[in-house]
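Presented sequentially are two complexes of chain A, the first with chain B as partner and the second with chain C.
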Partner chain A sequence: MAARYDRAITVFSPDGHLFQVEYAQEAVKKGSTAVGIRGKDIVVLGVEKKSVAKLQEERTVRKICALDEHVCMAFAGLTADARIVINRARVECQSHRLTVEDPVTVEYITRHIATLKQRYTQSNGRRPFGISALIVGFDYDGTPRLYQTDPSGTYHAWKANAIGRSAKTVREFLEKNYTDEAIATDNEAIKLAIKALLEVVQSGGKNIDLAVIRRNQPLKLLESKEIETLVAEIEKEKEDEAEKKKQKKST
Partner chain B sequence: MATFFGEVLSVYSRAVEEDDDDLDDENEDERIHREIEEKREVHIVWCPEVAQSLEDSGSNKLQCSDLIIAVGTNAAGFLSAYVLNTESWDAVGHVSLWNERSRGSSRQSIAPLPGEPACLFYRHRDNPAVLVCQSTCYIAEDQLFQWTEKVFGCLQKRGLSVMVLSDSPVAEYKTPDYLYGSAVPFLRSLKSSASKGQALCPALEQPNILTGLPAAVLSHCQVHQIPAVLYQCYTDVISPDSITMETFKPALLCLSKLVKLEPCLSADVLRKFAIITEAQSNLYT
Partner chain C sequence: MNSILTACSDGDGPERKIQFLHGTTTLAFKFQHGVIVAVDSRATAGAYIASQTVKKVIEINPYLLGTMAGGAADCSFWERLLARQCRVYELRNKERISVAAASKLLANMVYQYKGMGLSMGTMVCGWDKTGPGLYYVDSEGNRVCGDLFAVGSGSMYAYGIVDSGLKQKDLTVEEACDLGCRAIYQATYRDAYSGGQVNLYHVHSEGWNRVSQSDVLMLHQQYQAEKA
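Right, the complex of A and B next:
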C-alpha cells in the first residue's frame, strides 16, 4: 500500500500518512542511543559511543555538540544531516546574540531547528532530515531545559528522554526511575543518566560519553576516568542493594 | 515479362523470397541463442573422490540423507560459524555458472576463491550422507530450474530430507501490523507436504512469498515429494551481521542430531564471519 505514496515527500497517502517522514524516523533508530536528563541545577546528556575504526581520530566522531556556551545537543541518525543542522543552529545562535544582544533561549533554538526540519518535509525534491535531537541548556534566567526534536519538525520539552536505537527501553527505565530523589543532586542526576544507558549499552562504562552543563558554567565533557569511577559507584550501590535484600530475606 | 516490341525478358519476381539470406539470418539467430544458452548453462563440478563415487554407483547418484542449503550471506555465515567451523567437513564441489550479476570464472574447473560469491558443497567426513550447500552468488531465474534439476539429479531421492536457510530484507515482509525494532530479525518457516515434523518457528503468513533459489528448491521438493523445511530470516541489515546469524540458532536443534556441533560458540567467532561494517560505516551516528 505504501508503495505509491512514499516516492515524493509532498504527497499524503489516503490515510493521512507522510511515509517519507515516518521512514526518516526509522533512520533515527539506526543511530546509537542518546539520553537526556533535566536536573535541578544541571542538565546531562549521555550517549552510547559509536565504535571507532582503529585508524580513525576518536575525537572527530562525537554525538554531543555544543551549539553555544550554554546550549548543547546530542543527535541520533544520519551523521551528515546532523552536521548540517548543527551548523545552521550554531550560526543562528551567534546571529541572535549579535542582533538581540542576548543569548538564545533553549526553546528558541529548538524551535529554529524544528522549523528547519519541517520545511524539508514540505518541499518537493528534498527529503526530511534523518535525525532526532536532544537539546539541553540553561536559559538566561537560570531555568534548565531539555527539548527533543524529530524528523517531522515537532519539538517538545521533556524532563528526561532518550532517542536512537533502544530508546524505548531507556525511556521505560526513566519513567520508572526519574523521581525527585533521583535528581536531588548533580551527581545523582549524572548517575541516573549512566544507569539508563547501562540498560542498553553492551560493554559498560568505556562505551559511554557524557556531557553536563551546570548553571552559569560552560559545557563539560566528562573524561572516561570520571565515567569509570561513576560506573564503579553504581555497581557498588547495586551490590549493596542486593546484599540488603538477601539479609532481609534471611532474617 | 513481355515488352511492347515482342521480346521476352526474364525478370526476377520480387514476390519470391530470397531463401539464401533468410536461412543465414535464422542460422545466425539460432547460433546466438545456442551460444547464450551454453554460456548460461549451470555446471556442477565435483571433486575427484565424489566424481568417482558417482561413477561407481550404478545410477550416477550420491547417497544423501540430509541436504542443508544456505542461500544468502547471513545464512551462509551462520553455517560457516556454527557448523562448518569444525575440521570434519570436506569441500566436495561447487556450481559454476555465469549470468550478468554472477560472472563465474571462465574455466569451470577452477574452484571459487574464499570470500567470492559462489555455490559450494561440503560433506561431513564421519557422516558422508550429510551434504551442506552454501550459495552466496546470484542465480538468475532462467538458471534456477537447471540448478535444481542438476543438483537433485546427483542425489538419491529416497530417504532424502532437505533444510533450506535463507535471508531476506524485512522491508519485503508484508504485514498489517507495525514491526517494532525489537522484533527484527525473526524467522518464518515453510514446509513441503511430505515434511512431517514441526517447524521451529511460525509459518510464513500470506501474502508473503519466496523467490529465487529457496523457492526453486522447495518447489522441486514439493513436486517430488521430498520432505523439506525452509527457514527464512527477515533482517533489517543489508550486510552479513552476527545478530542475524544468531537468529538461525533454532535450526541447530535439527542439525545437532545429524552431526556433532561446537557446543558453545563465542561471539568473537561469529563476528569473524560477519563483515564489520559498523566501524567503517559512518552513515549513522
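Right, the complex of A and C next:
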C-alpha cells in the first residue's frame, strides 16, 4: 500500500500531456488578475484586489511581495503555494548575496523559481505549484526587467504581461496600447497598468493594488488615495477623448 | 600570513607531514593597470631541494589566476575544482564570475575541510566588472580582500621591496613587473627555501598574460651589474 505513494503524480498521458501541470494552469486562470509593465526607468505591478469580508483586516494578504530590495513579484493562483515559493525565493536572494557578494539579477531569481517549479513536476508524490508569477525589478546595471513563470517551470521575459482571470483580455489590451509613447514617463507607465486592469476589474480604483519600483529605489506600494487620483485622471482623459471625437463628427 | 603557513603546529591537530611547499615566496599586488603576480619556483622537503621548476601560478581560466603555497596537491586540486565551478557559473549566468565570488566559492569549499589537515594559502587574482581583484584565501578559512599580499617563508623580504617600491602612486606596467620581479629575487636571495625562477604574470582587463620567466641567478648578475 505504501508503495503507491512513491509514484509520481505528474506522469505523461498517452498523447504527451502532463495533465497535472495543465490542471495547475487552470487553477491559475481562476486566480485574480495581475498585470506587469516594464517602463524605461520604472517597473509596475498591478493586481486585482479581491473584495474582503467585512470583518477581515485588509492588509493581511498582499499579492505583491518584495523578494529583495530591487526585485518584487506578483502572482495569480493558489495563495498558499505562492507563500512557499516567495519564501524560497527570498532565502535564495540572500544566499546569493552571501556567496557571490552581489545582488541577484532578475533573470537569476526567475530561473531559480522556475527550476523550483519544474522540480515539483518531476518529483515523487508532489503536485506542481498552482501559481504563475510576474517578477519585476532592476539589475545592478540599471536595466529594468519583467519575467513571467508558470506552473510548468518555463519562464520568459516580457515587455508587459498579465496573468490570472481574463489575462487574455488584458494582454490584448496591452498589445494594442503598449507603445513607446505609452511608457515614455513613469506616470504614463503606471496609468497604462491601471487602464489595463480597469478593462477587467469592474468596480474601479478600490479594487486595484499597485506597486512600482524605480531605478535604485525600493519597492513602493501605492496608497488607495494615489490610485483613486490616477483613476480619476484616466476617466477624465477618456471623457476628453470622447468629446474630441464628438466634435470631429459634428464639424 | 607567514606564521599561518610556516608554523608547524596547529594545536593538537594532526602532525603536519605536508612540508613540501611551505618554503616559498609568492606575491601579488594591485596597481593602476591591473594585478601583478610574481612567484618563485623552488620546492623543498626539509633541507633537500626537491625541484627548482615548480609552477606555482595556477591558471584557473583566461582571466583568473591562483597562486600556490602550502601543499601543492591541495592547491592544484582545489583550484582546478574552482575552475570547474567558475565555468559552470559562466555558462549558467552568461557572464564571467567576479573575483569576489570565485574566491568565496574556494573559501567555502575548503572551509568544509577545516581542521582535517588541508594546507593551502592562495591568492585569487583577476579582473572583473569592478576592476582588478585580489583575494587571499587559505585552508584555515581566511578570506581577505587587499591590494598587496605576499605569502610564504620569503614573504617578509618581498614585502620590504614592494612596500618601498609602491610609494609612487602610478606605476607603468613595466615598472610594476620589474618591482614584482625584484621583490621575488630579493626574497630568494635571503630565504633558503625560495629560489629557482621568477614567474611573472600580469592580469589586465582582457585577461592575464605571462610576462616573463627569469632565472634567479641571471637576475642576480643583472642587478649586480646595474649596481656597478
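Brief remarks follow.
Please note the rule applied: the second predicted complex is superposed on the first by the 242 of 251 C-alpha atoms of A that agree within 3 Å, B and C clash if a C-alpha of one lies under 4 Å from a C-alpha of the other, contacts with A are read in each partner's own complex, and residues count from 1 in each chain.
Definition applied: a residue touches a chain if its C-beta (ideal position, glycine included) is under 8 Å from a C-beta of that chain, and two chains touch if they have at least 3 such contacts.
No experiment lies behind these values; they were computed from the predicted model shown.
By the touch criterion defined above, A:102 reaches chain C but does not reach chain B. More residues of chain A are touched by B (comparison of chain B with chain C). Judged by the touch definition given at the top, the superposed model places A:50 against chain B, while chain C stays out of reach. By the document's definition of touching, of the two partners only chain B reaches A:32; chain C does not.
In the superposition on chain A, A:205 makes contact with neither chain B nor chain C. Chain A has no residue lying at the interface with chain B in one structure and with chain C in the other. Only residues 92-93, 97-98, 100-101, 104-105, 108 of chain C touch chain A when the two sit together in their complex.
Across the complex, chain B is touched by residues 27, 29-32, 50-54, 56, 61, 63, 75-80, 82, 165-166, 168 of chain A. Partner chain A is touched in their complex by these residues of chain B: 180-182, 278-280, 282-285. Against chain C, the residues of chain A that register as touching in their complex are 99-102, 105, 108, 111.
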